[in-house]
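For reference, chains read A, B, C, D, E and F in written order, and residue numbers begin at 1 within each chain.
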Amino acid sequence: MISPITKKTAVKIKKLEIQGARNIAIAALRAIEETARKSKAKTMGAFLKEMKQNCEVLVKSRPTEPAMRNGLNYVVKKLSNTKHVSDAKGLVRKGCEEYITLMEHAVEKIAEIGSRRIKDGDTIMTHCHSSTVMGIIKKAWKDGKKINVICTETRPRFQGRITAKELVSFGIPTTMIVDSAARYVMNDVDLLIVGADAVTADSFIVNKIGTSQIMLAAKEARTMSCCACETFKFDPVTLSGEWETIEERDPKEVWENPPKGLKIFNPAFDFTPPQLVNFMITELGIITPYETGMIILERYGKVV
Amino acid sequence: MISPITKKTAVKIKKLEIQGARNIAIAALRAIEETARKSKAKTMGAFLKEMKQNCEVLVKSRPTEPAMRNGLNYVVKKLSNTKHVSDAKGLVRKGCEEYITLMEHAVEKIAEIGSRRIKDGDTIMTHCHSSTVMGIIKKAWKDGKKINVICTETRPRFQGRITAKELVSFGIPTTMIVDSAARYVMNDVDLLIVGADAVTADSFIVNKIGTSQIMLAAKEARTMSCCACETFKFDPVTLSGEWETIEERDPKEVWENPPKGLKIFNPAFDFTPPQLVNFMITELGIITPYETGMIILERYGKVV
Amino acid sequence: MISPITKKTAVKIKKLEIQGARNIAIAALRAIEETARKSKAKTMGAFLKEMKQNCEVLVKSRPTEPAMRNGLNYVVKKLSNTKHVSDAKGLVRKGCEEYITLMEHAVEKIAEIGSRRIKDGDTIMTHCHSSTVMGIIKKAWKDGKKINVICTETRPRFQGRITAKELVSFGIPTTMIVDSAARYVMNDVDLLIVGADAVTADSFIVNKIGTSQIMLAAKEARTMSCCACETFKFDPVTLSGEWETIEERDPKEVWENPPKGLKIFNPAFDFTPPQLVNFMITELGIITPYETGMIILERYGKVV
Amino acid sequence: MISPITKKTAVKIKKLEIQGARNIAIAALRAIEETARKSKAKTMGAFLKEMKQNCEVLVKSRPTEPAMRNGLNYVVKKLSNTKHVSDAKGLVRKGCEEYITLMEHAVEKIAEIGSRRIKDGDTIMTHCHSSTVMGIIKKAWKDGKKINVICTETRPRFQGRITAKELVSFGIPTTMIVDSAARYVMNDVDLLIVGADAVTADSFIVNKIGTSQIMLAAKEARTMSCCACETFKFDPVTLSGEWETIEERDPKEVWENPPKGLKIFNPAFDFTPPQLVNFMITELGIITPYETGMIILERYGKVV
Amino acid sequence: MISPITKKTAVKIKKLEIQGARNIAIAALRAIEETARKSKAKTMGAFLKEMKQNCEVLVKSRPTEPAMRNGLNYVVKKLSNTKHVSDAKGLVRKGCEEYITLMEHAVEKIAEIGSRRIKDGDTIMTHCHSSTVMGIIKKAWKDGKKINVICTETRPRFQGRITAKELVSFGIPTTMIVDSAARYVMNDVDLLIVGADAVTADSFIVNKIGTSQIMLAAKEARTMSCCACETFKFDPVTLSGEWETIEERDPKEVWENPPKGLKIFNPAFDFTPPQLVNFMITELGIITPYETGMIILERYGKVV
Amino acid sequence: MISPITKKTAVKIKKLEIQGARNIAIAALRAIEETARKSKAKTMGAFLKEMKQNCEVLVKSRPTEPAMRNGLNYVVKKLSNTKHVSDAKGLVRKGCEEYITLMEHAVEKIAEIGSRRIKDGDTIMTHCHSSTVMGIIKKAWKDGKKINVICTETRPRFQGRITAKELVSFGIPTTMIVDSAARYVMNDVDLLIVGADAVTADSFIVNKIGTSQIMLAAKEARTMSCCACETFKFDPVTLSGEWETIEERDPKEVWENPPKGLKIFNPAFDFTPPQLVNFMITELGIITPYETGMIILERYGKVV
């Protein structure tokens, strides 16, 4: 039985009325919580079936959204040893609350942890615009560390400009470069921090196109590099061998009026292998990139 | 004694009325040839002094132009064992002619040699716009090789669009990517060819910003990479420890209206170390990148 | 007290009447299950002692067989907090069943997970003959992916021919090369999949001689490489510092009639360090090679 | 309420009357045990508060001492689900005993495990003086393995001489080199073993200055390298982004009477990244360097 | 005018009545010498034309034979500044003699030079069978150096057995391995010596399939590696961008009766890039692999 | 016929009455010049024989002195096409003068060239004490560049203290570290400059023990590294396969009173492979490390 709130939420997600990883996850969790609360299931079997069906509808409304998927799995996993529907309803409510709180605190926690890795006088480099990374840099600045930031412009959408504007508005000394100039200045960088859209079970970081290239240049120069990422972006479906799909975006982003016959390939993300990353900043703390698989295994259990 | 033609040419170069490495070199050589021809010097000492003074004026009109500098040195070096002014005048004329011919034939020769390294079905990647590289690609295409080309857009000036337009106009299947996507597609590339603005005595390639980053990604992927470059771009002043100056260009190229307080660093070139380059395509033939120093030593002699 | 079934099974294993990692493990587990069922021990102390003695006899019948060793340890470990012999007998039975099921499902599960990492049109390379790897390739083929496979001949025993025959019999386009040609064709390979005979606590993969050499060539070429391996091959004795023994095999395998005086060194396996492996395909899911130690620690507990 | 024993112990630690990682940890644990035993707290809340205050005083007496910090955390963490003060007191006593035993057994265990990785005839290299490493080498020697050891002199304090003296007194063939000669002899080394003062959550090894340089040379030569280290040196504060402070020591250690105006930089330790380490020898067993973060996470819980 | 001796020789080469790099080169040189001697050309123009036509016929009789091609070019190049036919005839005779002597002495010279790089007690590894490499090893052995040799069997044609037999017949302690075991034993090797069939202008070594893989393993282990090669195998056509063709040999060599449908790829050679080679042993002396291009340029002149 | 001056000079060199590479070379050249001047040889054959005999005596007086050996070879090589003794005597005199002048100017020239590679604000690192390197640093300082220098202490003989004293006496801000701290500070270094005692034909740099280790750390950190070296230290005997002997020095240098039974290995030099060196600063100009072989070949001719 698909509940009215599930249906409504799924539609809103599909129509992009709800968007942004965290907003989508919150909406889905609230839908499942209401579904559980209003459920008329008499037996645990029936209740579980209902939960799973509703989750499936929500997940299908945006398949490549690990934060939502992980949230729903987190809630459902709690029910495995429960015997009574009433207990189960309580666990669903508790699970949803926990997960939302987790997400809300994660960015804050990462800012706190990550900023400790920035030293007074450091030159930080970042790529694209990540609010998680911004949180770290701003926290370090507020703590009185005199840092300066080099940010790429991030073609084709220039998200680096958002980063630059925000940093400058805080008074943080900021230098912008074209993406291609990253290796050129790398020897002057103390810490390269990038965000992530997803992290796979085999520890590849999925982030804005160009990330892997800059991380490679950092490794060559022995510049410390890291990825700041909430663990709810660790994607358990990759445990089962699924591969993150790289969105291919509109060629117009690259060139408004290209000559006829020209093909433009415009991937949104790339994969950074773990050997190019020195450490991960997560809300659990600083970990090595190789530990994401264990955390996925522990949190979401084995492959179904 | 600075001749009228030297003065006139130097002014035109300074005012950018003459531009482009080859055009500048040709104009300077013609100026020096006329100066020699009309010289009234009676002794070799006087003639040599005059030649050197005129060369100096020309070189100073654009100090970072190795093609012109090399051309003038090539001519003057011929005079070292000459005893009579009349012989010397002949040698200047001969030297100028030889050098101009050398430059004229070099691009053509490189196209011929380089195209042999392209196999039917190859995917070629290039960065920025280099007429030397274009010559190679077009020769391979004319020879009936079914290739396709991936070109970067080359921020901030989008010279990759010139490359793309030209290739498409020839009917060559071409795909454009943003600079950041180079590593993403590298495993599908058979040969990466870049040009050069200058090559140093210790074999660093000076080319459009981003070159070293793409070459690094090619090395990581064991993709064959090369640099197509006329030897008159090998810069003998680097033998003496001079370092190529990297032009820092107008920030407006990167962002027309940046927020107040933002610094934009916009270097035009970067350095690619020889260990990232598999081979060089020169008009002398295919050589390794490590041989540029020997060629400079042999051609221009020791450090003065 | 060594039970009759233990004695009988141990003899059969020693005499190679039972062979193959999985068959040996199953026979040993069935022996221990029967031993437990028929045990006349009155106290847990006596029962545990009996179990351990019987396990020891079985393990000693083939010391370098991690699958059997792990299975017996898995069963015995379950008894640690049990107070009554009757409960313990139940746990032994349950443990044996679980472990056998685990092994039976593991290969199937790995085929399912691993095949998801193969894309339509991929060129797969493999070395030697591994039924785990074959499972993956055949699953991908059944799922309609148009792949082709490059297999080495695998000197000295030509196990690659078994691989080739099997693949060709399924209609999968297959190319054979001599072992030495692996690096030559590596740039055309999309995914290199090898199996494993054992994986150590410090994450070295023990597999057919030549594996590490091919994996090194894959790393150099940025070709994705992985190892498909059931976790019951992760060897807990390596946690205690024991090192996998590399079997040295009959020189006749290499050269039937060698000249007198020639020494032939014929190791059966080699060690591939984790930095040459991109990911592991296990029945738990895709993990990084560095996580084997944690899985051993968690599953088999600390060093005894 | 700070107990008299806590106060007394803290003073002794500050005054260096108690020194050495293990001695400090034992003294602190005994202080906290006595404090707990004599506590007059009526409620768990009060008891817990008292415990934490006393721990804080002890930790502050020497902030960069992970062994003590970990020991106290180990004890306090045990109290999280306890409801009665009497139970809690028992748990504190048990925790202290467990931890002291753990430390006492760890070095012994590591000697046993590590020595198994040494083969008859091996050449071992070590740097500085580590009793953990010495334990391994001496165990291997006692077990009859004919090894020989190369030890650096370890400037500026010549701790390598302590190592050399001790090894020679055992009759172990030993060769000393200056620190700079490590790469020169590396191709003749079978196993490089270093100790650790601390290991961070992102798996950097903090050890005597020069360690990272020698480990780099080992990696270049594919010489097996490892770090022998009790897990109580894994530092959980690094999980929160804290960075180990590298002590800068007296310049006189380097040069007694330097010329006026000369600055001498004399760091005591350096950081070795995990990619330069093949494996860790801990009392839990052989693990990869990348697993330290997971062990910290599991043992000490999340970041507070 | 094609001379009778040229015609006859060309036929013999085509029919494989003359074979082996050196024999072919000698026959061709003798043919051109006789042609010159008997020439009836009156002018230098006519003589030169005749020489070139005859050379062309000879070269075309076996196009991928650098030793012959180089020899003929060596002779013809001598004529460039000659004015009289009689002088030219003398130069041809002199050139032929010089080149034959050069080839005859080269192997001997390389044995002498190369053997100096072998130290008493060294373990040498080699791949395939190269008389140049054999010369080095045998010279070292005759000089009383107690060495031992590891040789690969070299699939698919087992040329390693020729190497093994020859070494054993000299009493040199020799161990054979399958090709795949090279990396396994590499840490025990002091010097890896391979031969070459050709060396390109960009310093890639063309040698028996598997060479690049073994050289890669040597580099990873910091084992000194070198290539022993007469400079007449340096191929000047690669200067012009021509690429050495890799002969694809009969699949039967790999598997006599393969299953129907199986493709067998059997390349005879591979390319080793110069960064995997420490030094070259040539008859000119020890050089780095990067100097082949300069030697080709100097010896054979610019690209025609 | 060995001349009196040759005999006298050889004795002085043997007795160390003349020492230092340049002084020895100058003395030997003056001896040979006097020998030539006073020669009573009537024929070129006799004269040449006399010259070679005298050179041999001088060379044998100190066999591992490339500067002297090269100087004498330089002089003798000039005589190869001479027909008259009187001309030959002139050539000997001229050769000696040229070579002495070359040596005298080389250090100065290198200072000039090398200092151009130092930029205002650079941090320079050096190892041991090299007057060639000091010349570069002092020239840069005199030219007004605000640099600072990090120097190692250079165990066991503390030559780094000579470097430090000299730099401080010039007012150059200088920091000393122990050799082991090089990698620790490497990310802050802009240019690492080392000297050389000899350079081999295959481009290995022979310099103070520890050089290769520091160069490796520089490469890892993409810190620019170079070697400053007069070309008369390029050693032509290495062309013939001879290997530079590494002097093993008195153990007392490492430890005055070592415990009985301790072996101390104290090599004076190590080998740095060319791939760890970005460029060479020679009096001919900046070259890559791979060009030393060509310069040896050109200057000293082929292997005899």
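A few remarks follow.
Basically, contacts are C-beta pairs under 8 Å (C-beta built on N, C-alpha and C of every residue); 3 or more make two chains touch, one makes a residue touch a chain.
Model, not experiment: these values are computed from the prediction.
Centroid to centroid, with C-alpha atoms defining each point, chain B and chain F lie 36 Å apart. Centre to centre, using the average C-alpha position, chain A and chain F are separated by 57 Å.
Here the CA centre of chain C is 45 Å from the CA centre of chain E.
Across the assembly, chain B contributes 220, 275, 290-291, 294 as residues in contact with two or more other chains. Taken as a contact graph, the chains fit none of the simple arrangements: neither line, ring, star nor complete graph.
Looking at which chains touch one another, you get A-B, A-C, A-D, A-F, B-C, B-E, B-F, C-D, C-E, D-E, D-F, E-F. On the chain E side of its complex with chain F, the touching residues are 109, 112-117, 275, 278-281, 283-288, 290-291, 294. Those residues of chain A that touch chain C in the complex are listed here as 200-203, 238-243, 273-275, 290-294, 296-297, 302-303.
The residues of chain D lying in touch with chain E in their complex are 186-187, 220-223.
Listed in rising order, the residues of chain D touching chain F in the complex are 150, 152-156, 161, 164-165, 168-169, 171, 173-185, 208-210, 212-213, 216-217, 220, 254-255, 258-267, 270.
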